[in-house]
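Think of it as A, B, C and D in the order they're written, each chain with its own count starting at 1.
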Amino acid sequence: MPIDKRVAAAAAAMDGVRDGAVVLISGFGGAGFPNVLIRALCERGLRDLTLVVNSATHRYSVTHELIEAGQVRKVVCSAARGHAKGLSAFEERWKKGEIELECLPQGSFAEKIRAGGAGIPAFYTPVGFGTELAAGKETRRFGDRDYVLETAITGDLALIRADRADRYGNLAFRYAQANFGPAMATAARLSVAEVRIIEDAPLAQPDIQLAGAFIDRVVAVGDMP
Amino acid sequence: MPIDKRVAAAAAAMDGVRDGAVVLISGFGGAGFPNVLIRALCERGLRDLTLVVNSATHRYSVTHELIEAGQVRKVVCSAARGHAKGLSAFEERWKKGEIELECLPQGSFAEKIRAGGAGIPAFYTPVGFGTELAAGKETRRFGDRDYVLETAITGDLALIRADRADRYGNLAFRYAQANFGPAMATAARLSVAEVRIIEDAPLAQPDIQLAGAFIDRVVAVGDMP
Amino acid sequence: MSGINRNQMAWRAAQDIEDGMIVNLGMGLPVLAGDYVPDGRDVFIHAENGVIGCGPLATPEAADTDLVDAGSRRITLRPGASIVDSTASFAMIRGGHIDVTVLGAFQVAANGDLANWDMRLPEKGPLVGGAMDLAACARAVWVIMEHTTRKGEPRLLQACTLPLTAVRCVTRIFTDLAVIDVIDAGFLVREIAPGITQEELQAKSGAPLHFAADCRTIAAPELAESV
Amino acid sequence: MSGINRNQMAWRAAQDIEDGMIVNLGMGLPVLAGDYVPDGRDVFIHAENGVIGCGPLATPEAADTDLVDAGSRRITLRPGASIVDSTASFAMIRGGHIDVTVLGAFQVAANGDLANWDMRLPEKGPLVGGAMDLAACARAVWVIMEHTTRKGEPRLLQACTLPLTAVRCVTRIFTDLAVIDVIDAGFLVREIAPGITQEELQAKSGAPLHFAADCRTIAAPELAESV
């Protein structure tokens, strides 16, 4: 049967996602937020989700909707501070002890996800050594420098945004849209991409930035709102 | 002064390379061998080189010229067997104890080089556990599986081949030409690329597969002979 | 006692490649299996050098120096194919994104240990390539090999005597005499070549064989042996 | 005792950015320094989100949602710019491929320890972003900051009191009062703002200052303070 990863609606792309899922969500610097998929996930009304997302709250992302709806148990991120004057939905719940937080240096965040998708259970990095973000983590000296042991992150679901896709799930990104998306797609059991457009013909080989092998479902959602 | 990494001749691209250098050389499956640069290196007549190259001898590569010239002290590779019936230049010297050999699983070979360029001193991999290629290497259990600790590879010089370049050293590869080249370029102190053509205009952003930031010198050499 | 021929072995292995799989094929018989994937099954063939979606071999006119597989064969791309560098290709292998790898082998042990990379040729240098990565990390590891060596020594053993490629990795074995799964209890024969008895098969094996309750005859079509 | 203004601080830092460098600039004053890189110096500005070669901010008409820097500002690309994903961007940082990062800071210690990510705001969640990666791994780490806090407390200290970003990483500090290198012996003042005495500078510092033999006055042009 010809491979066809196209799904007509974002809701259907969430089939099979359950309470307690670890959800990897792309987006950074204002680009690459899979907002249509995040809303579709929100509408499933799940509980106890763990979000692995660079910013717990970002003004171009709608992760706060999952948080406000009380669906999130834990956030793993490098930025847990809202842009607004007051407390963000995340900060409010975190302060009350309702949401657990794991804050990571952004490069370790990215590399842990890459490791998860690349079969590397753990690696050493110089980043964070001697800081409170490395508190309790194993350290080791190689040569004349100290390093922190970081372990892989994997997830149940990855939600990412790209520009173009084909039926095979191959993806092309625009400019800085890729950010954490490619790594996240490799590290989750179920990887879903929202894209501006799904082309009828297969993407040309040099245009493919993430192989469809890593994508399970793809939904065309048009331009960012 | 406007950045300009173009070098007119392969010989000049070897300036500063010394005896004892660790040289990373791209190429795999018949594509991406920087044969013009390998010959230019050979002509410098250096000694005690360490070659980090997937195949010690490959019928589309000229690494054997360095080996035959007695310039190589050690080879780090995943394939140390010639294609021909008789002994390859490498095998002959290796059997006599004239060249040291470190044979690695190909994925560990690639990942060790990537680690070298990415500031990761060491990582764990399941590959090789329980085999003689992991003999003497540290192992560790994560979850229900055993892993081998592998350390980073860095080099003094990387020689790689790409298709197109610009004055900034940005590179575009054709098909399977990239293989080990991008990782090697990040892991060496001096990285040199030979390319079919250097474009007058900067490469377009979506066409760039390796940022010029990782390339120090680029030489146009035309088509593969 | 002849068993099935090499084309039939490749054919038989190919029947188990499922629709939508990502498959890595070792050189020799495994690559041949790629030619026998049943029509209508949409499969992506991965090559360690980074090609995800190898097509048929290129014609001499279409052959391109840069479009090759891990065996340096000039190939074409299938629709939807993409190409990554070696680091990404092995990240894909190690990360468990290859559904099945089909490999040649010298020996397989009853616990799934595989020996396929080093015959201890005294005159030759070692060549491991991507064998250890594939054997240790593909979701399923299948082997195609002759049931015995040319000298008639068994290749299915209690423990491998040649250097290991990976431990406890092989899940299925296609030989000229049988189709065998590796389960916790050891070798489980699922299918047996026409005209071979269970006793004959056991006699050619170096470890106890279990036979599936529904063990049947390999149903391979007539296929001429290639020259 | 006023020292130089913020634009002059940014200007002064920019003078030390060398031709051909790859530079990562933190938000605020460091980004402003990017505007003062002397004409004729060909510099690639790296942003953690993967842009290698940020150009000027985009005009409203040219602004593109997908072409942003790590601070979500809509930017343009300079000639020769490329873009990678976050994994590759931080591999580049961690691998020592950024020649210099210019960062804001709360405190710097005499051994080079940097505190620039957590002011312990009781109401706000933590935000580390790429600060630890840059501070730990760029080949040179420069800081631009006011010499003291608004309350007049020193930011140059014997040991940081705020949570560390990275240990022993800062090599140069640009303040409104001085340009200071961090050397094995501690703080070494290279330049001092017009009208400031060495005694005044020491009084506003929380660790002993050494003064270079050729310590001179910061030569910054007149630059109006931005609103």
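To be clear about the criterion, a contact is a pair of C-beta atoms (placed from the backbone, for glycine too) under 8 Å apart; a residue touches a chain by one contact, two chains touch by 3 or more.
Keep in mind that what you see is a predicted model, and the values were worked out from it rather than measured.
Relative to the C-alpha centre of chain D, the farthest chain centre belongs to C. A straight line joining the Cα centres of chain A and chain B is 33 Å long.
Between chain B and chain C, the centres computed from C-alpha atoms are 30 Å apart. Measuring from the averaged C-alpha position of chain B to that of chain D gives a distance of 36 Å. Within chain B, residues 111, 114, 118-120, 125-126, 175, 205 each touch two or more of the remaining chains.
Residue numbers of chain C whose C-beta contacts span two or more other chains: 83-84, 91, 93-94, 137.
Chain-to-chain contact here is organised irregularly, matching neither a line nor a ring nor a star, and falling short of all pairs touching.
Applying the touch definition to every pair of chains gives A-B, A-C, A-D, B-C, B-D.
Residues 1-3, 114, 116-120, 166-168, 170, 186-187, 202-203, 205, 208, 211-214 of chain B touch chain D in their complex. Against chain B, in their complex, chain C makes its touches with residues 47-51, 64-72, 74, 83-87, 89-91, 93-94, 113, 123-133, 136-137, 163-167. The touching residues of chain A, counted against chain B in their complex, run 111, 115, 118-126, 142-143, 145, 147, 151, 175, 205-207. Chain A contributes residues 28-32, 54, 56, 58-60, 78-82, 87-88, 90-91, 94-95, 101, 103-108, 110-111, 113-114, 125-133, 163, 173-183, 224 to its touches with chain D in the complex. Those residues of chain C that touch chain A in the shared complex are 19-20, 22, 40-42, 44, 46, 52, 77, 79-84, 91-97, 137.
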